[in-house]
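Below are two complexes that have chain A in common, paired first with chain B and then with chain C.
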Partner chain A sequence: MTPTMLFTSWGERLLWALSHVGNIFLFGLRMALSIVRFDVDGREVLRQLDRLCLRALPLLLAGSALIGGIVALQGLNYVARYNATEVFGWATALSAYQEVGPLLLGLALAARVGTKNAAELATMRARERLMALTALGLDVERCILRPRALAIFLCGGLFFPLCTAVIMFCGFIGAALLGEQNAAISLHSFMEYTPTTTILLGGLRMLVFSLFVGVLSTYFGNAAGRDPRSLGRAVYASSITGMTGIVTANLYLSFLGAPS
Partner chain B sequence: MIALPRLLLPTLSAALQPWRLPWSQIVQRLDETLSKSAVVTFAAVAMVGAAMCDQAAAQAMRLLGEMSFIGPEYIVLGFEEYGPLIVAVTFAARLGAGFATEVATLQSDDTLDALLLYGAEPHRHRLAPMAVACTLGCACLGLLSAAVWEAAGMLTIFVRHGVNPLSFFRPDVLSLSSLVLCVGKTFVFGGLVFVCALTFGLRARAGATEVGRATTRAVVAALVSCLLWSVLVDTIWFAVRGPS
Partner chain C sequence: MSSTPTQQGLLVDDAVCQLGAFALGPVSLQVAPGAMLAVVGTTGAGKTVLCKLLCGLHALHSGRIVVDEAERTADDGDLNVFQRKVGLSFQQGALVEELSAFENVALVARCRGVDDVDGKTHEALHAVGLADEGNLLPSELSGGMRRRVGLARAMVSDPALLVLDDVTAGLDPRTGHEVMQFVKRAHQSRGCATVLTTHDVDVVLPFVDDVLLLEGGNVGYVGSVAHIPDAHAPFRPLRVAPMEQA
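The block that comes next holds the complex of A and B.
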């Protein structure tokens, strides 16, 4: 391969990646503008919230219970090592609301809701249903795409309190069962030491993650071709970019929230 | 749909006898697993590690006014808990989705059935080598990712908090059990991702829509089973070893 061919190949890949980034940004911007202008099909958003998100709730709750177990076992090690029974509740809350909780919940959302959304849209694209809707004079982006992305975005905010409550509950109960950490002391520590900003910042973090999942999965689902490989590729791209977006946003928000 | 019963168990059985599998296929799959997944996995682990290190340092400074104990705790977390877990999540999203798509595509257009009818043994040549690559590759990525996790933490603590990275780096707190836990967890994570991708890929029926559905189910199942395995191992570890 000559240097010219190498640079041409790299350049083509870079342009391809940049065009996707630009399209994703424009789609996100149009979605944000439509929310500001109240130009959203509310009924479709509610329908998608039920179809895509409510059905994912059992998985998210099960995932939250498992995350609670992980947080409890980690906390118990520190309680024993530093004799820090009193701060167990606070440390669990910090993990659940700000560190591990939103991150793993965001990844679970990307895996369950994001991939399902991408797969459904890619299927609609493959069966030419989206083209049929366009032919009927409907604005596909307004009727199909934006409500889905918005429903996933709302799903993060709506499920966050419930899922973190499950993480906390399972963390406290797990610590009480496995390490004899008194649940009442844990609860008191949580109420006493956890500032409201920790919970609010966690919620904000989860909203950012769900925005990434909603926008990326909708974009890649809509960008799929017609063959089976293209469907798989759309789901795969949605899964990978969703995960990368979440970990990148997590790092940025951590740096933003914690003063150096 | 003859491929599911005729391929699932033979593939798992062949995977348990890796010395009988074609080496060229194993090497090819290992390349796919290791070199093509390494960048995404390392980037994810580094970013999560850096975020966690920064938050821990900020909290320690706020509450205790010093952060000397962060280094030893951070390296243990990287080897025993969050390092392997992030590798598992990335592995499920990257390799699990990719392999499930491949198997589901082969299944939905009847390629696997055709190969079986021609006696080409797709379970030995195409599917089982991935099991070896998944388990070995995930274990290798787990160990390397723990090193990346530590490097990300050292860089973060230096750039953001001005702490000497060498005083933050405390490998002396690691024991053999930490390494065993890291390798053991990631080895099984790799196996779980493979089994989920294979099972849901082979269950795909004819038609383009099934590929996306199979991939979604495989990723979800892999994620849940990896979380479950992590909690199970931690509980047993905690009960046997007590607080570390």
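The block that comes next holds the complex of A and C.
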């Protein structure tokens, strides 16, 4: 391969990637504008919240329980080493609301809800379902795509309080069973030392992650071609970009919140 | 088949569609409100291309298409306004799998701004004989039922032009005949212009008024079913009048 061919090949790939980035940005912008203008099919958003998101809740809750177990085991190490019984509740809340909780919940959302959304849209695209709706004069983006992306975005915000409550509960109970950490002291420590901003920032972080999952999975599902391989590619692109976006955003948000 | 604009119905005037190496047209035809035109031809003749052209899914290279006073040319025409005048039923129905039959029809009614979405949806499903099957998912419907839901979806917003792409494909003759009876009944009750493509000349042609025969993207014959010339004898139906319901 000559340097010119190499340059052309990489240039084409770069342009392809940039065009996707631009289209994703525009799709996200149109979605934001439609929310501001209340130009949203509310009935379809609710339907997608039910069938895409609510059905994922058992898995997310089970994941939250396991995250609670991890948080308990990690926290107990510090309790034992530094006799930090008084701050166990606070440390658990910090993990649940600000660090491990949103990150793992975001990844679970990308794996369960994002891939399902991308696969369904790619199938609809391959079988000309979306083309048929366009031919019937429907604005597919307004009627099908935006409600899905918006439902996933809302799902992050709605599930966050529930899932973090499960993480905290399982963390406290796990620590009480495994390390004799008094659950009442843990709860008191949580109530006493955890600032409201920690909880609010955690919720905001989760909303950012669910926005990534909603926009990226909808975009890649809709961008799929008609050949059977494109379905796999859409799901792959949705999950990889969603997870990469979540981890990168988490790093950036942690960096912003780090003490200078 | 004159070339004067109609108040309603469909007028296609020297329409040409270029898709890579394949060219459709020039095609000129007129379908009055309440009339039904069948498009026949061998595989690859351009039947589906013509359907998609009529629905605005393919670009018009030259000529013009008028549906109920909404005009579309190669350079002009609000595609969204044009598409709202047309109801399309794809091959196999092309229903959204995750939605029930009722929801499939209601989605189109709602997004097209139809008043009384639920009432109109019930009415459309009733017209195709599926009033009691509204809660079933497409995977729970038979092939003929899926076509009928597709037909209800195409009709729910009372389009001026109904386009049906290979509506009897893959169906046995009796089911195909049943589907065509629903098509004919729905078409007559609404008085819209209807264009349908088919390979099934024996099942479909007895129901239609005129036929357009495509050969390699060009018009081979346009006119009455009864006068299909000898050169196109394979496209003559065995019966001209619809058979009695079995």
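A few remarks follow.
FYI, the second predicted complex is superposed on the first by the 259 of 260 C-alpha atoms of A that agree within 3 Å, B and C clash if a C-alpha of one lies under 4 Å from a C-alpha of the other, contacts with A are read in each partner's own complex, and residues count from 1 in each chain.
Definition applied: contacts are C-beta pairs under 8 Å (C-beta built on N, C-alpha and C of every residue); 3 or more make two chains touch, one makes a residue touch a chain.
None of the values given here were measured: they were computed from a predicted structure.
Partners chain B and chain C fit side by side in the overlay (superposition on chain A). Touch criterion met: A:Ala122 reaches chain B, while chain C stays clear of it. With both structures placed on the common chain, the touch criterion links A:Cys163 to neither chain B nor chain C.
Of the two partner chains, chain C is the only one touched by A:Arg142; chain B is not.
Contacts of A:Ala132 after superposition on the shared chain: chain C is touched, whereas chain B is not. Between chain B and chain C, an angle of 110 degrees opens at the CA centre of chain A in the superposed model, to the nearest 10.
For chain A, the partner touching the most residues, choosing from chain B and chain C, is B. Residue contacts after overlaying the shared chain place A:Arg81 against chain B, while chain C stays out of touching range.
Contact with neither chain B nor chain C is seen for A:Val45 once the two complexes are overlaid on the shared chain.
Here the smallest spacing between CA atoms of chain B and those of chain C, following superposition, is 11 Å. Residues 120, 123, 127 of chain A contact both chain B in one complex and chain C in the other.
Residues 52, 55-57, 80, 83-84, 86-88, 90, 94-98, 107-108, 110-112, 153-154, 157 of chain C are the ones that touch chain A when the two sit in their complex.
By the touch criterion stated above, chain B contacts chain A in their complex at residues 40, 43-44, 47-48, 50-52, 54-55, 57-59, 73, 77, 81-82, 85, 89-90, 92-94, 97-98, 100-102, 104-105, 108-109, 160-161, 208-209, 211-213, 215-216, 219-220, 223-224, 227-228, 230-231, 234-235, 238-239, 242-244.
Here chain A touches chain C in the complex through residues 41, 43-44, 51, 120, 123-124, 127-129, 131-139, 142-143, going by the rule given at the top. Those residues of chain A lying in contact with chain B across their complex are 59, 62-63, 66-67, 69-70, 73-74, 76-81, 94, 98-100, 103-104, 107-108, 110-112, 115-116, 118-120, 122-123, 126-127, 178-179, 226-229, 231-236, 239-240, 242-244, 247-248, 250-251, 253-255, 257-260.
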